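Order of writing sets the chain letters: A, B, C and D. Residues in each chain are counted from 1.
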Amino acid sequence: MILHEYEARNLFLRYGIKVEDACLADSPDKAKECCRNVPAPYIVKAQVRVWSRGKLGLIKTADTPREVYRVAKDMLSKKFKGRNIDKILISHRVKTKRELYLSILLDRDSRSYTIMAGTLGGVDIEDIAKSYPESILQINVNPLIGLNPYVARYLSSHLKVDKESIWNLVGNMYRLFIDNYCELVEVNPLVLSGNELIAVDRKIVIDDSAARIYSHLRGFWEQYLEELTKEERLSIIHGFSYVELEGNIGIVGNGAGLTMTSMDLIYLEGGRPGAFLDLGGGANAERVRIALEILMKNPRIEIIFVNILGGITRCDEVARGIVSLVSKYRKPIVVRLAGLRENEGRKILENAGIKVFSQLQEAIREVVYYGSTGG
Amino acid sequence: MAVLVDSNTKVVVQGITGREGSFHTSEMLKYGTNIVAGVTPGKGGTKVAGIPVYNSIREAITAHPEITASIVFVPAEYASDAIYESIDEGINLIVVVTEHIPVHETLRFVIYSKYRESIIVGPNTPGVISPGKAKVGIMPARYFTPGTIGIISRSGTLMYEVSWQLAKHGLGVSTAIGLGGDPVTGLNFIEAMEFFEEDDETEVVILIGEIGGKQEEIFAKAYLRGKFSKPVIAFIAGRSAPPGKKMGHAGAIIMREQGTFTSKVKSLLNSGILVAEKLSDIPKLVGKVLKSVKM
Amino acid sequence: MILHEYEARNLFLRYGIKVEDACLADSPDKAKECCRNVPAPYIVKAQVRVWSRGKLGLIKTADTPREVYRVAKDMLSKKFKGRNIDKILISHRVKTKRELYLSILLDRDSRSYTIMAGTLGGVDIEDIAKSYPESILQINVNPLIGLNPYVARYLSSHLKVDKESIWNLVGNMYRLFIDNYCELVEVNPLVLSGNELIAVDRKIVIDDSAARIYSHLRGFWEQYLEELTKEERLSIIHGFSYVELEGNIGIVGNGAGLTMTSMDLIYLEGGRPGAFLDLGGGANAERVRIALEILMKNPRIEIIFVNILGGITRCDEVARGIVSLVSKYRKPIVVRLAGLRENEGRKILENAGIKVFSQLQEAIREVVYYGSTGG
Amino acid sequence: MAVLVDSNTKVVVQGITGREGSFHTSEMLKYGTNIVAGVTPGKGGTKVAGIPVYNSIREAITAHPEITASIVFVPAEYASDAIYESIDEGINLIVVVTEHIPVHETLRFVIYSKYRESIIVGPNTPGVISPGKAKVGIMPARYFTPGTIGIISRSGTLMYEVSWQLAKHGLGVSTAIGLGGDPVTGLNFIEAMEFFEEDDETEVVILIGEIGGKQEEIFAKAYLRGKFSKPVIAFIAGRSAPPGKKMGHAGAIIMREQGTFTSKVKSLLNSGILVAEKLSDIPKLVGKVLKSVKM
């Protein structure tokens, strides 16, 4: 889960990291009021969980409280990905000598943490990595060892900042990263103002699995769930992976690989996937029913493809679950089913007029055909 | 022969009294897996499917010093502790079925397992099966028939699917290893391939990858450098996945992680590895390779 | 360095571990006064840096303040290994349900820490380990991983104590162990009184190398140095290993292995080693001179054997250092010398009437002969 | 052939500008060791004995990617940091001369080096010498002549002494490894022996142990189990040491550590290893063994 920037800012503060003056607002009036405590000039940032807000027009500058009001009003009236923008952060625009970049991330491939330090901050790090790779220093940190003092030597010499300041900063960021099970802690830009290092914009990504079970992360997790649609929330509670796409075919499968492969095949055959729903492990009848209901209620979805390669699941149970829904929602379904009591399940479905396949490829062709003819 | 598990593997089940643990203990026993003990703290002295339950791994090993492997069904909150317990008590192979273990914790116990020379499969894995010999996992037995093809898969259900398609073409599997769907796992493609490379019975290996991470690219590089001699056929799921989205366990799509479908397929092809466009192409490709191997 | 028990007690307190009531005294009067704050009955313990004080008669019980006075007077008038016993600890004798044993030590061979837990405490752990090995549970803890929760499960079930209490205790002991670079932290006995675990006697050994360089250990280190003889202190400052033995031959060598081997050979030839001094690395002329002076001043030493296999050291310099001392102290010296400018060194020594050998075995025979004839 | 170091070894000296570092850099260069760079933070850009100095290992490796080994002269307070730096930058062999590194720190970086597959020799070691090829250490060259005998020693000066006595009998050394005098070291006897076992040139190995710890006993057990095929001759220092005393670096004599002279000699003899009573017996024993090897 990507934290909101204001949540990240609070965490930075709690770990003793210097941040800019700022104030959270949920209305243009509140935004203007914020300006009493935050000195001009300003930067106004939409609080949405997304990468590269700058490129998306979700970050604006303002020089006066009046301008802040105007920008705030505009921003708060907008939608982003179907949701209202309901919070904005009014930050002081820090005067800078230099803008730098600093992040710690979990690198799955090297089985370590990676610190990235860039001499060119304030812009998209991926662009910088392409155009000026030598401006970025990478240091791997082993999780069992933690930060060694040489890290401060390396950072100080690359970023041309005082060794003690950068050691304090990276140490605090590292503690934040570890304590909160982060996949990423990023400061961009890290501003050198006078002799102080200020973390002016930040991004934190927390591991969902940790947020699920550890009480000190519960606040972030609940805030996150609250912002989801009912369907997305339901998916998370049941451990589904649910992604909405552009097309009209809804895909349910057990296992990410199998569901993705179904999607790939539909795409290769010319169909248009409209939603991806991975049931995860344990495809029992109840879970299949809940998942199907999510897709049934999605207005973009015209046809549903269910791909259950169970083995342990009882197919007759799954079949009964499917049948109970079909009569209620009347969207066509194509099922590919295999597992325990497969024949019994097939009979139940076929009696309800649902086409059942045991070969994946055939099922896919059927779905795409249905999908392109509108069912 | 087979890799990782066979009829000599003696298994302890961690979390044996839970719903999943007890169910799959019965299933594994039915398949012929040699399960000798179970562990659930506080439930020592009871039995599950006729298997004695102990309070700790040390108690289990004291009673059954022949134990060589563990399978972990312990819920995410307690899974790491159970895994450290097994590593510290010297168990060689630990199959972690548990889902949703925080990735920081996985990172730590995976690194530690390398130091202690324990092999961890998973987390979030269906496990390992050597058809006809033993399964230490939760995979449905019916899709697997014995043979000479090794399978290494990041996805569980795709592993079943592929094995099934092979079976329908009269092709069988020596061992199928589910690496597990989490971003960090105990075995990766290279480490799993090392076992197959050493296995006399395995003639060809199918590698089932997916978008996210750079494991497939790293494997391709090692293959190109000549680290392995056996032929490999690959399949990558996720060609149609929109960028920047988490597709199931396809891993956190954090920026700077390039592992796209295109980059994976490109580096595999570039290393002389056959890449199947569709799952259904795999048996054909295997057939071709086996013919050339035989010559 | 073995800490004094009262130092260990203070550390335990600082790490939140429950200890018995106690009071440090340096006179019989102070000991009696202690009894105002420490409830009867009492246990009086000499504060000396040694193993197994019980066996050596350095721990006595007392039931009344008057008895404490008597015991204290007796104890404080004694010497131990040539030094006055100048501090005693007056402890409350805790009523116990059961006495247990618990320690954490650094195990060089398994490259890990080891926790040892015994159900039979209050007696010598080595005796227990021989007679009742099954009463002791061992758990290895990897330094990069630290304590896992299962450790509490194992300890609780072996010691038959509440899981949470033992988890707290072992956690605090572990932090103490790590923070203070301990080779050993031991509680013996660990007393179960009511439902509380009380660390009634303790032993801590701190790594000298850490005490040398880390400021938070400096207090212990300076106290330790203060209690040494001038010669021992000099040895430590210069990084020598100095051990006094029973015989009359003083042995100086560079490198523990070589010095020990010299000692072994003298012993095999029938000589009696009286002091062992390993110069450690870097046997330069100045270090050789200081080391020799320590042995020259030791009244038990009648003859000195110097074994320098330098290679990089200039032998002529070493020789001049030796010669300058010989004239001052007049104890016979036998030298085995090899290294840079060996011949020049040999000449200087021989001119001063000192026998020089290049073969170790010959030199040893000469020393033993000298030693048994009284020089 | 030789083990660990030879004329292809490319060395960086950590702490090159210190008194010890600069002196031994010259000595190693005189011996022919291939030293390519030095590191001292803050002293980058200078030279020592003609060798360029860098601020960090990464800078040194960027300028000299051929570096394969490091020798560490950094004072105890900063030594661990320097060692982690070298491990993390992928240096294969790290020889730690520094004395008085706290044992907790050594424990940590030694464990870490195993995970990263770096070889650490020491701390508190004279280093490694392959006579006639290279020395990465502080041993006096004059005592070593080339030959077919491997030496593994916990003591530095005894290693010189033994090599010298061999030389006087016309016997030479393939490689001599000083394990280091500290209680915990990177290589132990078994790990060092593994190198010699693989080395075609080494015919017999001399193991120089001392009281304290149980390394010699553990080695003896492994030898008895048949882990090694080459003949081993052992010498143990400290037969006359009084119990419970620290004799130099002979290790912390913490209670429960049994490593006495008697237990060591007993288990070595028990495993079929020849044990020399006196140092001066070693050449004779080697001669005997070599004769039987030749037959």
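Note that in this section contacts are C-beta pairs under 8 Å (C-beta built on N, C-alpha and C of every residue); 3 or more make two chains touch, one makes a residue touch a chain.
Owing to the predicted nature of the structure, the values given are computational and were not obtained by experimental measurement.
**Q** Which chains make contact with subunit A and with subunit D at once?
**A** In this structure, the chains that contact subunit D and also subunit A are B, C.
**Q** Can you check which chain pair, A-C or C-D, has more C-beta pairs in contact?
**A** Of A-C and C-D, more C-beta pairs in contact link C-D.
**Q** Can you name the chain that lies farthest from subunit D, using the mean of each chain's Cα atoms as its centre?
**A** In terms of C-alpha centroids, the chain at the greatest distance from subunit D is A.
**Q** Counting in whole Å, what is the centre-to-centre distance of subunit B and subunit D, each centre being its mean C-alpha position?
**A** Roughly 40 Å, centre to centre.
**Q** Using CA atom averages as chain centres, what separation in Å is found between subunit A and subunit C?
**A** A distance of 58 Å separates the two centres.
**Q** Between subunit C and subunit D, tell me the centre distance in angstrom, where each centre is the average of that chain's C-alpha atoms.
**A** From the centre of subunit C to the centre of subunit D is 27 Å.
**Q** Taking each chain's centre as its mean C-alpha position, how far apart are subunit B and subunit C in Å?
**A** 52
**Q** If I count partner chains per residue in subunit B, which residues reach a count of at least 2?
**A** Counting only residues that touch two or more other chains, subunit B contributes 108, 111-112, 115.
**Q** Two-or-more-chain contact residues of subunit A, please, as numbers and ranges.
**A** Where subunit A meets two or more other chains at a single residue, that happens at 142, 144-145.
**Q** Report the topology of the inter-chain touch graph, choosing from line, ring, star, complete and other.
**A** If you draw each chain as a dot and join those that touch, every dot ends up joined to every other.
**Q** With touch defined as at the start, can you tell me which subunit A residues reach subunit D in the complex?
**A** The contact residues of subunit A facing subunit D are 139-140, 142, 144-145, 148-150, 153-154, 157.
**Q** Flag every residue of subunit C that touches subunit A in the complex, lowest number first.
**A** Interface residues on subunit C, with respect to subunit A: 144-145.
**Q** Quick check: in the complex, which residue numbers of subunit B touch subunit A?
**A** Within the complex, subunit B touches subunit A at residues 20, 23, 27, 76-77, 99-104, 107-108, 110-112, 124, 138-143, 153-161, 164, 181, 183-184, 208, 210-211, 213-215, 218, 237-242, 244-252, 254-257, 277-280.
**Q** Of all residues in subunit B, which touch subunit C in the complex?
**A** Spelled out, the residues of subunit B in touch with subunit C are 41, 55-56, 58, 78, 80-82, 84-85, 88, 108, 112, 115-116.
**Q** Which residues, counting only subunit C, touch subunit D once they are in their complex?
**A** Residues of subunit C touching subunit D: 51, 105-106, 108-109, 111-112, 125-126, 129, 142-144, 178, 181, 183-184, 205, 207, 209-210, 212-214, 239, 241, 243, 245, 253-261, 263-268, 273, 276, 278, 280-282, 309-312, 338-340, 360-361.
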